[in-house]
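See the structures that follow.
What follows is a pair of complexes built around subunit A, which joins subunit B in one and subunit C in the other.
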Partner chain A sequence: MRGIERLTPYITSALALIPLAAIIALTSLITYHGLGALSWRFISSSILRGGVYEAVVGTLLLFSGATAIAAPLGVLAAVYLVEYAPRSWLTELVERAVENLAGVPSILYGLFGFTLFSKLLGFGISLLSGWLTLACMMLPIIVRSSQEALRMVPRSIREASLALGASKWTTITRCILPAAAPGIATGVILGVCRVAGETAAILLTSCFYTMRGLPRSPLDPVLSLTYYLYILIVAKAGDTPLEVIFAISLLLFLLVVALNSTALILRFRYRGVKRW
Partner chain B sequence: MSSPSFFQRLLKMREGGEALTLASALTSILIFASILIFTIHEGSWMLLRPQYLLGARWQPEYNRYGLLLLLYGSIIVTAGALAISTPIGVASAIFISEVAPRWIREVMEAAVETLAAIPSIIYGFIAYFFLAPWIAAVFHLPLGRTALTASLILSIMTLPTIISISSEAISSVPMAYREASLALGADRWQTLWRVVLPAARLGIFASILLAFGRAIGETIAVLMASGCVAAIPNPPWNLLSPVYPMTAAIAIGMGEAEFRGLHYYALYTLALILLCISALVNNTARLLIRKAPRGEVRI
Partner chain C sequence: MRIKIQTNSLNVWYGDSHVLQDVKLAIPEGRITAIIGPSGCGKTTLLKSLNRMVELIEGARVEGRVLLDGRDIYDSDMDPAELRRRVGMVFQKPNPLPMSIYDNVAYGLRVRGIDDRAILDEAVEEALERAGLWSEVKERLRDSAFNLSIGQQQRLCIARALAVGPDVLLLDEPCSSLDPISTSRIERLLTRLKNDLTLVIVTHNLQQARRIADYTAFLYMGRLVEMAPTEEIFQNPREELTRNYIEGRFG
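And now, the complex of A and B:
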């Protein structure tokens, strides 16, 4: 025991370096191998000509649609939980549901979306099924971070507004939501970050292997960067130039890291600056 | 009971805003309940006809769905991942919350959040193109995609969960515990080893459970790293042979399975097992976190 205790500081610090080493190794591997082939031409030319244009547009379409569904729902749900609901069995039930949703593996969302949206509701393998499935996945992230942001808004703001004669709804829309906006935005960006890199859920609901061109309506299938990368590696590893695969990985990595860093910076700035 | 008050409130709801927000809040319940109902409904079909499930082979083309093979694949990969990530994760959590100066702590927290944000397909890509060839070269294997490869990549993916939840647990051990120990003459590391860590053990255990839940539900990275061969390794603890985890079977099989055919129902049975495991693990972890001591000590 003595010996171990004397060594603990060194062992602990050495082990703590591993996550840092992992992120540095990951970043440099992906950048080093991907940088060669990544160019504006690569992003803006069609898949048929060796680019990834359809996949980039597909990814943007998928996550913007899902956000348009999940963000209002999630924020309003958080408003109910923080502003309206008394501590009751109903609030408890909603919070349990949100916590459990956050823990459901993404492949199960994919399976659920496939059975309900694609088959039983008849939307097929389509952009619309993908939107709905991804919206379900984003919802818990947005609800939880919005709840946290709303709870940070001090009582005095609510009381001041109510004392001036504003109704509760006016207080919420004019005072509380603006004050909580940075926190809510952070949550939405984190949600986007999760679904922009998601593969398993859209694999079953919205993408086709043979898809060419852009979807013409929400009921058409769509390609995304993640799905295209998956297909190139798993199904066609032999007959795709490796530079293409590496370049797509780098593009996806940059997209996700940019989104995540935006969220981190937003949170960091407002945590430091706002003093009520 | 608070239930009457809820219905009274519903009747007295004067503002449209409250109804709107209430409806949004109920959506979460609706979604979770539908996931639960669909998975149980579709997953129990084959559980009620177990003659398909108990074989020693997983061969959808011959209607053999011996799912114990796949469960074994998931479990060995997850166990391997946690064996690697637990010591690293807990040590990093100790380092972040007890040792590191502020700026190092912030750098590490940003690194951990970035690790958590990287999509699983990127981890799968790394495993497929860099880790697997390396494993193949080191152990002289024909193919590097093995249970060990999947465990290694999963161990990196589970680090953020272990680090963030454990460091929160360690930071929320009451200051008074530390002060009492230091006042008795223990040094900083003795205090950490004998007082702080034992007090934070529930939270640390919860973080490992959550990491288990994340690892067993991970799909794409595992699919690309594990080799996807449905067989029990020989000997069973041999991490250097390929395995076929449940999630990978769902992702690969669902595309070709006939809707509501045997293969489809077999895959849904896997989904039901997965949902039960992850719900159990997540809810236990939450209970543990709630039970952990935090804040001021009452004397």
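And now, the complex of A and C:
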């Protein structure tokens, strides 16, 4: 027993290094192979001329549109659940459902989006169908983290505002939401992270490889970095130089890392500032 | 002497527990009334029933009447927000809003739709002046309220309540988290304020009640045992229970 006692710190720290090692290996592999081909020219020229411009713009369009739909809806749903809904089996059920939705595989969202938005509502394979599908994917994450952020706002702040003659809604908009804003923003960015690297859900709802140029309306299909990468790997295997594939991977990786870091920085900066 | 607030057979329940039982209390205008009693006797609940803050507690149920200037505050046509502008409240732990000193004081006016800069500036200065805080903060009105000391934060909370122009100020153990110097500043402040306000203060500190209150009400296990001028309560209470509490035989 004494031996295990003494070895535990070494074993646990060795285990803790595994994720770090994995991240370093991944980063260096992608960077090593991809950095050579990654340039401003590569990003800004059309796919037809060997670039990825349409896919970059498509990715940005997809997740910003989805965020614009999901963020207000998610925050309002969280406000309802935390501030208005009386504790009951129904709200309990909604919360459990939200938790479980966050873990549903994305291909199922894709299938759902395809059935509902593309077919039933007739939006077809389009940017709009993609927005709505991705918004559904982001919603649970945004709702949950907004709920947590709202619950962190102490009761004393609500009391202070109400005791000054503010209505409940005024208290929410002027005190509670601003106080919870860093937490909410972090949740929204984490939601964006989930969909920025998403492939399966848009594969079925919004992308055509034969799409050329940028979508001219929300009902046009769109290309994204993930989808383009998938096509290059699966459908056009062998035709594409490896360094181009890795350059796209690197671009995608940098995008997600940048989003994640923003979320981290936000959380870190406001942790110290807010005291109650 | 005019009665500002009158409660008649006031009963409050939290779920199944009956925390206030048949409380009949008359609070005189322009005086300080202290509510004393052991922990859990319902002091804070009684205070919170006077501006309907009690309704925010989950499972709370109120019966009976609370008359403010003769009008029942639990009437269906009484707007709780409007009521709370007339009956302000200061809490046990200073609870500044997460914003600047200025914005804290202006908050109650802004939520009423007053946005005129000149009016707000004047109201903020006046309220801070009345709370005895102006000279300490006038150079840093834009600072976060959290940068103030705890004692200053509590005076800020009083200033914030005053800015709305209430007739009554309810204070729930306002000094319990403060040091003796801050406490005596607040006591002096309250004594000044009674010239134009009716004050009701819940306190654990019997000496404090004795120092500042004109009237004292003794509450025990949800019932009002007696209420009388402070000196009478402390020197010659009618009830044996009151005497035992005052003399520290239980608490």
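Quick note on the criterion: the second predicted complex is superposed on the first by the 265 of 276 C-alpha atoms of A that agree within 3 Å, B and C clash if a C-alpha of one lies under 4 Å from a C-alpha of the other, contacts with A are read in each partner's own complex, and residues count from 1 in each chain.
The criterion applied here is as follows: a contact is a pair of C-beta atoms (placed from the backbone, for glycine too) under 8 Å apart; a residue touches a chain by one contact, two chains touch by 3 or more.
Values in this document were obtained by computation on a predicted structure and should not be read as measured data.
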item: Clash-or-fit label for the pair subunit B, subunit C on subunit A; value: fit
item: Which superposed partner A:L214 touches (first subunit B, second subunit C, both, neither); value: neither
item: First (subunit B), second (subunit C), both or neither touched by A:L108; value: first
item: Greater subunit A contact set [subunit C / subunit B]; value: B
item: Subunit B versus subunit C as contact partner of A:K119, first or second or both or neither; value: first
item: Superposed arrangement, angle subtended at the Cα centre of subunit A by subunit B and subunit C, nearest 10 degrees; value: 100
item: Which of subunit B and subunit C A:L266 touches, first, second, both or neither; value: neither
item: Touched partner set for A:E159, first subunit B, second subunit C, both or neither; value: second
item: Partner chain(s) touched by A:A179 [first = subunit B, second = subunit C, both, neither]; value: second
item: Subunit B versus subunit C as contact partner of A:L81, first or second or both or neither; value: first
item: Which of subunit B and subunit C A:S167 touches, first, second, both or neither; value: both
item: Per-pair minimum CA distance [subunit C against subunit B, superposed on A] in Å; value: 12
item: Subunit A positions touched by subunit B in one structure and by subunit C in the second; value: 87, 167
item: In the complex with subunit A, residue positions of subunit B that touch it; value: 2-3, 5-6, 9, 15-18, 20-29, 31-35, 38-39, 42, 87-88, 91-92, 94-96, 99-100, 107-108, 110-115, 117-122, 124-126, 128-130, 156, 159-160, 163, 189-190, 192-193, 210, 213, 216-220, 223-224, 247, 250-251, 254-255, 259, 267-268, 271, 274-275, 278-279, 281-283, 286
item: In the complex with subunit A, residue positions of subunit C that touch it; value: 51, 53, 56, 58, 81-82, 84-85, 88-89, 91, 93, 95-99, 107-108, 110-112, 146, 157, 160-161, 164
item: Contacting residues of subunit A [partner subunit C, same complex]; value: 87, 154, 156-167, 170, 174-175, 178-179, 274-276
item: Residues on subunit A engaged by subunit B in the complex (per definition of touch); value: 5, 8-9, 11-13, 15-16, 18-20, 22-23, 26, 29-30, 72-74, 76-77, 79-81, 83-90, 93-94, 97-101, 103-112, 114-116, 119, 136, 139-140, 143, 167-169, 172-173, 190, 193-194, 196-200, 203-204, 226, 229-230, 233-234, 242, 245, 249, 252-253, 256-257, 259-261, 264
